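Chain lettering (A, B, C, D, E and F) follows the sequence in which the chains are written, and residue indices restart at 1 in each chain.
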């Protein structure tokens, strides 16, 4: 178990390349910090789903949120453009193999199966985590813009037309949250 | 929900003061990155507990691990010495109140009750997360020492005589992991 | 004396949490750098006071400015919100005790008495340093805004209605300086 | 031309992941800084080759050294382990396509042909730059170790048995330089 | 050769003071990263000159671009204001002597002669590199402004009335590039 | 007064080049943080002088300590080697002129006269501050070494044979402090 933990610990230092490639300082956000943000968002979201009567396996949500980026410790946080050159299939395949090796010493099959579920967005839980992943990204962008960062417009496009494949009630909860983020951003820029 | 997420996002930038006060560079580890480490450790540990027949509520473990440091966004990551001057009771009370305000908009009572459980180490799950908290700390120290950092000896004292109040089988699992960390450290320093 | 100097040296690395919690990069300003700014401001202000016939003990001003944040090396740079949860009395008491321990080896009573004076704003010198503390903060905010930072509006509120309890001539000198900072800020934002 | 220059400028901020994954601070070395180091090393090496009568096209050497990492602005600085999962062929193909797109607006064919030459180590000039790439890496490791970094042993393996496919005289020049680096390292660690 | 390479490696960490003195974070741009940017710009520019029939020695261009800032490893990256106090003649003399010592072990005369050429802007190649030096600076400013930085207006003055002493055709190529940078900046600020 | 304060504020970000040129991270120590350290050291030292019956003007000590590095905001923190190339006379002259311009708006003659005193080590107070300057440097080196930094041996030479031109009793106080620093260092390295 120790070797897995030692390896995961490296995610605390690995920069999310999206920020540094856009001129923000090194250390803006680590993969570990992002994973924390996604997990916290996913928990709040899952509890809201449950409160509105949507059946959701919260343990599964939290597990997927925590582990969805572990492959990056071996593959790196590839910029979006990298996918254009490797192809998204090759990227998924490489990341799946890397994930599998990262957890080799501790996995009885559960972790890899959760990872696959997430990659294929099979379950509601996987789709919920994907929504949390995007929401955490947008809240990070909002925080950076509030602190003065610019040049991050492209990140907002996904917020305009989210495609999470969630059923009606779930989709509406996510949509309302996205809308409140967009409103906060509008307010921010009106005040400048 | 948005205001809570915006506030939690700040933990991604908040430095763990333990490192900077010992002369390590700013940005060594954020509270968010530590929370990720604790959560990942707690999940692996909980799964090991379960595999050895210990009844453990893993959803609860993950929830506690994720939220156990949220109060710091309002109270800061106070150095250990601060507790000497405020008193550990006052510190707990302040942090409990701060936690309660952080989650005010999203809590139906569950989050605060999990936080209290953790502060009092009531449940097995709370005690497991405390063990994960210490293990993540030690793995971070090990990683820093491997990269050349020195002057961190005091952190290892807790590893020598852990007091997690775990029952036999659980205590042994944790003890073995701690032992493997100590061995890795010994090996590291023998090689220097 | 050495142990005191070693401890104070740690203030060079301790981040002012106000900035990191607002999304600015780690390393934006250390407590030591702020103490330097307050001391330099206090010296210029004290000399202006003296030039206008106000009796001021400049040695005392410089001593207070230098040492007013030393407690933070043990208590940390607590965010403003922390005071809400600890209470300002408990915070002052803890910081006073921490200060006392920091200087234990070198203090014949003078340092602690100057610290108490500052905490209670007893003397003109203490009140002058408090004004310098706020002015250094605002000049830092101005510099950050000039470099592009945003989201720091709340810091400017204190500049609108300063309460330093200074007598007429002194109050006017401080007021003029604050006004020139506000003008510089207005000019900055008109140019954007 | 502007769009190419804007894109290349991003390499100034992109961290070399090798360091951050080994626990060194963000900002330890950017891809641009490394490219500078390789180019400077390559120039000195090429001049030494020439001085010893080896025919070498120095303009070509400098061009290859400058541009050999430009693909990373689109693909990222992938950690070594990434190659295991993508396969070195897929990686080369992706990087070649990325390079080609980076220079699309300014290339009449020369840049891509130099890039291919480097990837295949066709020419003496390409092999010289590869040697310079490794030498700059080792000098960086040496500087980090001199400043106290540890845990970088694996980088030294390549220095023990370099495979640059250089002819006798050239191989000897490179070998002597590698040897002097190894000696400097030995001296460094003897002094500790 | 090793001692020269070890010394040059330090340029990877040396901050360009222009940014830090204007409130941008430490690590914004190293001298080595800037040298890379100047070299890449110079190569593209030289190839454009050649394509339009201007006779230019590209090997010489690349050499000058690479080495033009090496003296800074001994003299530091002095802020512009420093020249006012030392005088530009004393500064040039000091930097020339420093450069000469940096390359003492590896120079047969060529490097110093290229350095002198650059300092005096004797050749077309030297003047081309000076233009690349300014262009890389402006593209860096543009990138920083795109990421939200402000307070950098003074850097743009040189772009309005460049004095590179280039002959007609060369001057026009540089002028067009400068114009496209100015346009990009205008567009950037219109979008804010 | 505002323009002076705005300019001095830049010292909070200006890195001490000695560290970055030796491979330590950017942001290791700012000129402002160092000035704080020198001022705190000078105050403790001056109080010890006074306690032992040495007549010392403490206000003057604190003023000199605070302002002794202000010229660097215009001239930069030049590395030691820079003095070799400019000559120490030219450096002093440039720094004196820069200091004079920094304080132009606020100086009635006192600041420049204190600066000159420091540069010439005329008074006991100036010599005391010089000793504090060296002691703060050594305590910083000690802290960096305690945190794992290496390669800083050359800084310790001055501690072996200090030349502060202090009279007997004063020299002995400084000597004892230096000795305790050297002892702490010896102990540190014995423990490794």
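Here is the rule we use: contacts are C-beta pairs under 8 Å (C-beta built on N, C-alpha and C of every residue); 3 or more make two chains touch, one makes a residue touch a chain.
Keep in mind that what you see is a predicted model, and the values were worked out from it rather than measured.
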Intersection of the contact lists for chain A and chain F: B, C, D, E
Path length in steps (a step moves to a chain that is touched) from chain B to chain D: 1
Rotation angle superposing chain C onto its copy chain E by C-alpha atoms, nearest 5 degrees: 120
Distance between chain centroids, defined by C-alpha means - chain A, chain C (Å): 40
Distance from chain B to chain A - Cα centre to Cα centre, in angstrom: 22
Centroid spacing, where centroids are CA-atom means, of chain E and chain F in whole angstrom: 33
Sites on chain B at which at least two other chains make contact: 10, 22-27, 143, 145, 148, 150
Chain pairs in mutual contact under the definition given at the outset: A-B, A-C, A-D, A-E, B-C, B-D, B-F, C-E, C-F, D-E, D-F, E-F
Interface residues, chain D side, partner chain B - complex: 22-26, 148-151
Chain C - residues contacting chain F, complex: 1-2, 4-6, 8-12, 27, 29-30, 32-37, 39-41, 43-45, 47-48, 51, 58-59, 62-63, 66-67, 106, 108, 110, 135-136, 139-140, 142-143, 177, 180-181, 184
Chain A to chain C touching residues, read off their complex: 25, 27-28, 143-148, 150, 192
Chain E partner contacts - residues on chain F that touch it in the complex: 10, 13-15, 17, 20-24, 26-27, 73-79, 81-82, 84-86, 90, 93-95, 97-98
